[in-house]
Structures are given as structure tokens and as C-alpha cells.
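Heads up, the next two complexes both have chain A, just with different partners, chain B and then chain C.
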Partner chain A sequence: MTGPLQQFAASTHEAGGDIFSSLGINGQMLAFQAIAFIILVFLLGKFVFPILIKAVDERQEKIDAGQRAAAAAEAKANEAQDEVAKLLKEARGEAKDIVATAKDEATAMINAGEEKAKSRADKIVADARDQLEKDVIAARKALHNDTIELVALATEKVVGKSFSEAVDKKVIASAVKEQV
Partner chain B sequence: MAGTRLPRRKIAVYFADELLAGRNVTNQLAAYLVETKRVREAVLIVRDIEVALADRGVLLADVASSRELATETKDAITAYLKKTTGAHDIQLRTSVNTDLLGGVLVETPSERLDATIRHRLNQLTATKI
Partner chain C sequence: MLSNFAASAGFEIHVASQSLFHIGDFAVTNSLFTGAISMVIMFSVFAYVVYMVKNNKYNRFIGLTQWTFEGMLGQVDSVIPDKKLARRIAPLALTIFFVMLFGYWMSVLPGLDSIFYNEVPVLRALAADLNFTFAVAIIVLLTVQYFALQAHGPIGNLKRYFRNPIKDPIGAFEGLLEFIGEFSRYAALSVRMFGNCFAGEILLVVIAVMTSYFSVVALPFFLIFELFIGFVQAYVFFILTVIFTSLAVESHGSHDEAQPNITDHSSTHATKPAVLTE
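For the complex of A and B:
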């Protein structure tokens, strides 16, 4: 490490002792360049950097706004999801209630229908029995009447031909005796 | 009698008494009914006369049968009527009606004895329901 530095010091000493000259730097030129640099920095800071910074700030603002909007949208989506879940839960509950009510009503209707059908069937059977009994009674009456009619007719026919005087006398005597 | 409108019962009593006295008053009765314009009451007056005669012990009975009655049957009927009505003189007006089929139908002003086969058949038929 010491080698190059010793070499530089020796060369400087040999050239007359001015370090800037030994380095090849012109003082005036250096000052001019420094002033130009300062002016450049001033101009950039005055006219260019504010525009760039403003554009960057706006861009950052837009990004932040987008992020906020995304966060808000996410929050809203989450809320909506929760709401949907809640509504679904409520809907499921209501659907369950509706189904249960419908089942109860259907069961009640079926029971009522069965009861009604049973009572109607019983009535039909009772009516049929009544009608049957009436028919039987009517048939018996008709048979009774027909029998009487036939007996009267047959008796009339038979008696008209075979009623002898002796029998007639006997009938009359019996009737008179009964009255006495 | 011709000028006043007498009650049927009085007329019947009068003619019954006349008949019992042995007088034939048929023409007189007919003339009276024509004169008083009571011909339509003839049947009723005759019935009343029969009632009046029955009250006096003379009973007229209509006897209907399906064939001519034997004497012993008539006697039995007469005896029956004497016993039930208390009449001392029974007159039977017999008739034959073959529709009666058998037995006898005796009708007096106050009684009716229907012992015919027709009546019994009618009773049987009346039991129809």
C-alpha cells in the first residue's frame, strides 16, 4: 500500500510542490465548473424537480386512492358476503319453517281429507243400508199384497165353482150361531 | 094431511099403524108423496116405515145370498133375528146375488150381518199394506 503513495509524493516533489498542478486540475476551470454545477442544480431544483415530484406525488396519491378504494371494496365485499350469508341463513330458516308449515298443513289436509272421505263413505254405506232395508220392506209389502191378492182371487175362483149348498148352509149356520 | 108438510117420522108412524091394521096403504102413500112433491123422499120414508114397524115388533129383513136359501136356513135366520131384536114377527125379503159367492147378508133397519164369502175376501184384501 505504501508504494504508490510514496511514488506520488516523490513525483509531486519533483514537479515543484503544487498538488492541483500535479493532478492536472485547473483552478479557474474548477471554479467555473463548480459555479455551472450550482446553477444547474438551482435550475433543476427550481423548474424540473418540482414537476417530477408533483407527478410522482400525484401518482402516489392515485395509487393510495386505488388502494383505499380496493380496501373499501374488499370491506364492502366482505360485508356483502356476510350479509349474503346472513340472508342465506335467514332464508334457509324461513324455508325450513315454510317447509315445516307446509308439511303440517299437508298432513292436516290429508287427515281432514281422510276423515271427510271416511265420514262420506260411512254415510254412503248407511244410506245404502237404509235404502236396502226400505227396498226389503217394500218388497215384503209387495209380496204380502200380491199374496193376498192371489189368495183372494184363487179363493174367489175356487169357491165360485166348488162352494156347495151344504157348505153354504154350514157357513150361514155358523155365522148365525156366532152372532147369537 | 095434504095441506101441511108433515115430518117423515110422523108419516112413517101413520103408515106403519095402517099396515099393522091390515090396510093396504101403498096407493095412499104414493098419492101423498106425489101430491106433496116428496117423491124423492120415498126411499127414506119407506125406511122410516120399516123402523116404525120394527118398533112395533114387526121386522122386515133383507136377506141376500148366492143361492136360494133352504127353509131351515131361513128359520135359523128368523130365530136369530127374533132373539137379537126382540121382534115377534119377522118378514124376510130374500134375494139371490151370485157375487156374494157364499154365506148370507142380513140387513134390518138397525142391524147388518154380513157373513158372505165376498165380505171375508174384501176383509182379506183390506189387510194389504
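For the complex of A and C:
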């Protein structure tokens, strides 16, 4: 430990016993460097830093403006989302109503169709029955006539002579009447 | 021991910067010469950056410089809440940072202790000259006192150091310590920067001598380490300047005042970094 101290003391002695001189501190140099540094501060403070500070401030302003715009956009987006939700809710309600109305209308239509189909079917059935009755009556009539003709022929064969048509008919009709 | 080693290895260690040549009576020292080179480099860099920023041209280097500048400015703004004062102290603090940075980084230039003129090594970092670090520390001291005078007035500023020992013995002792601290903290500020830079230069020379041909492999690590230390030391000088200013202008309030002031005082301190006091 004494080595470096002794060396420092020796160098101090060599420098004239002044600690400042041994450390290289010189009044003239100190003043020169201080003035040079002040000039440097002035030059940088005048020509360099204001431009860089301005750039930083502008950038910060841009960031702030961006943040404000983002906040406004977020608020607008939230508003739009609320609006969309509201519209969706309304649309859902409307859709529900429409579906309900459509269901009702469909049910009514189906019922009406069923009614119509039923009435038409009934009419067809009724018509068919009428037609059937008419056909039956016609068939009976035809059968009746055929029967009279057959009886007339048979009677001719049995009696062996023919009667006039008017007599035949009269006889047959009375015979049939009796039979019926 | 180091001197003996240096003598045996064939190089000399000088605490003081050495005179290269004289202009009239004025001695141009090696640190002054290297400092002038560092200032030329610094001005060139700033001229380029300012030109590019003014013309809205950006590249990675401009981005890095702006990022560093913005970070430093942000530090000033965060330590000094009063933005007006922050912007007034910023030029000095930022100049200190960049000058110290460039001045320190000159120690990694090749040719350290190998280029001689009049048997004096030409390269010696500006920060390895006590004249420079003392000069900057004195300027910081005067600036801080100027802002303190503006904030408290002459009497108020004196009251920070001198209090009635009968009324407030603890406060008087604290004031005395504060008064001594006003000188010691700036002396420490300058000697710290000088010591780091000077030791760094010696370290590089010692490593180069000790590792001989292997130094091409070993030295780059130490050079990177020196660049890092240079940044740290420049930042420390810068941030302490800002903190000293902040401490000097903040409203201390006397110790015999009402409690709310004391609460305000502590809350102000709570926002400060841990390196407030030396």
C-alpha cells in the first residue's frame, strides 16, 4: 500500500509539491476547458438540440394524436357495436314477428287448403253418388225394358202367335206388375 | 506496483495529461488534442443527424440516435417534474452526456500509447483529464446554484445550508453536511469520471502488453467492456447533474414547519431514483 503512495508523493514532489500540479490540474487549462465546454453547450443548445427536441415533441404529439384518434375510434366502434346490437335485437324481434305471422298465415293457408280439399272431395263424392244413382236407375230401366222384351218373346213362343205390340206391352206390363 | 510493471513493460503512466506542443504560452495536451478530435466526430454525427431529421430522412443510425436522445430527454423530464425547468437544464445535461460519451469512447481508438509525438502519446481520452472533468463539474455546480437561487432566492438558498443551531441543532448540522456535500459531490462526480476513464486506458494498455500477440483476441472484449463503461459513466454524470438540479430547486420546507409540508417533501423524494445521494 505504501508503494503507490510513495510514488505519488515522489511525483508530487517532482511537480513542485503541489497536489493539483501532480494531478495535472492547471488553472489556465481548467478555464480554457470550461469556456470551451460552455461554448459547446451554447452551440449544441442553439443548433442541434432544439431540432431534435422538436422532432421528439412532434413525434410525441403524433403519438398522442394517434392515441386520441384510437380512443375516439374505439368509442365510435363501441357505439357502432351498441348500435349493431340494438339493430340486431330489433331485427331479431322483427324476424320473430315475421316468422310467427308466417306460421299463422301458413297454418291458415293449410287449414283453408284442407277445407277446400275436403269440400271438393265431398262434392266429388256427392257427384259420384248422383252419377251412380243415375246409372243404377238407367240400368234398372234398361233391365226392365229388356225383361219385357224377353217375356214378350217367351210368351210368343209359348202361345204360338204374336200379338200386336200394344197388346204385348199391355199384357206384359200387367204381368210384370203382378210379379213386382 | 503498477508503475514498476509499466516501467518493466516499457510504458509510462502519467496521471496528468502531457503537453504535445505549444501555441504561444498555451500548452496543447494530448487529452485536449484527442478531445478536439472527439468533438469533430461528435459535431459531424450531430450535423448528419440534424440534416437527416430536418429533411425527414430516416435510417437505423438516425433511429438509434433519436432513440438515445429521446430516452435521455425522457429521463430529464421524469426526474424534474417542472417541464419548463427540465427543458432549461436539458441542453447542459445532454451536452454532458454526449461529450462525455464521445470523449470516453476515444480511449478505444487504436494507437493508444503507441502513437507518439515528441515522445508523448498522442491519444488520451478527454475524460481522462481532470481539468476537463473538474471544469464540467464546476459548470454543473454553478448552474445548479443558479437554478437554486432562482427557485429559493438568495436568503432561501442560504437557508438550505445555514440554520440556527440553537433553534434547530439537527437541521444546522444537516445544513453543514449539505454545504460540504455541495463541494464533495461535484468533486466525486469529476474524479469518478476521470478515474474510470484513466483506469480503462491503463487496463487496455496492460492487457495489450500482458497478452502480447494474443491481444488481437483478448483486447476486443475489453474494448467492448470499455464502450459499455463509457456509456454508463456518461449516463451517471448526466443523470446526477439532473438529480442535483432537481434536489436544489425542490421545495424542501424548513424542518420546523407544519407536518403537511414534510409529507409533501417525502412524497417528492419517493419519485426519485435511489442514486439521489452520493
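Here, the second predicted complex is superposed on the first by the 122 of 180 C-alpha atoms of A that agree within 3 Å, B and C clash if a C-alpha of one lies under 4 Å from a C-alpha of the other, contacts with A are read in each partner's own complex, and residues count from 1 in each chain.
FYI, contacts are C-beta pairs under 8 Å (C-beta built on N, C-alpha and C of every residue); 3 or more make two chains touch, one makes a residue touch a chain.
None of these values were measured; they are calculated from a predicted model.
By the document's definition of touching, of the two partners only chain C reaches A:Phe32; chain B does not. Look at A:Leu40: by the touch rule set out above, it reaches chain C but stays clear of chain B. When both complexes are overlaid on chain A, the residue A:Phe49 reaches chain C alone and has no touch with chain B. Contacts of A:Gly24 after superposition: chain C is touched, whereas chain B is not reached. In the superposition on chain A, contact of A:Thr155 is made with chain B only, not with chain C. More residues of chain A lie in contact with C than with the other chain of the pair chain B and chain C.
Touching of chain A by both chain B and chain C, each in its own complex, is seen for no residue at all.
Residues 141, 144-145, 148-149, 151-152, 155-156, 159-160, 163, 165, 167-169, 171-173, 175-176, 179-180 of chain A are the ones that touch chain B when the two sit in their complex. In the complex of the two chains, the chain C residues touching chain A come out as 1-4, 14-17, 26-27, 29, 32, 39, 46, 49-50, 53-54, 66, 69-70, 73, 87, 90-92, 94-95, 98-99, 129-132, 134-136, 138-139. Those residues of chain A that touch chain C in the complex are listed here as 3-4, 7, 11, 15, 21-26, 28-34, 37-38, 40-41, 44-45, 47-49, 51-53, 55-56, 59.
Across the complex, chain B meets chain A through its residues 65-67, 69-70, 72-73, 76-77, 80, 83-84, 98, 101-104, 113, 115, 117, 121, 124-125, 127-129.
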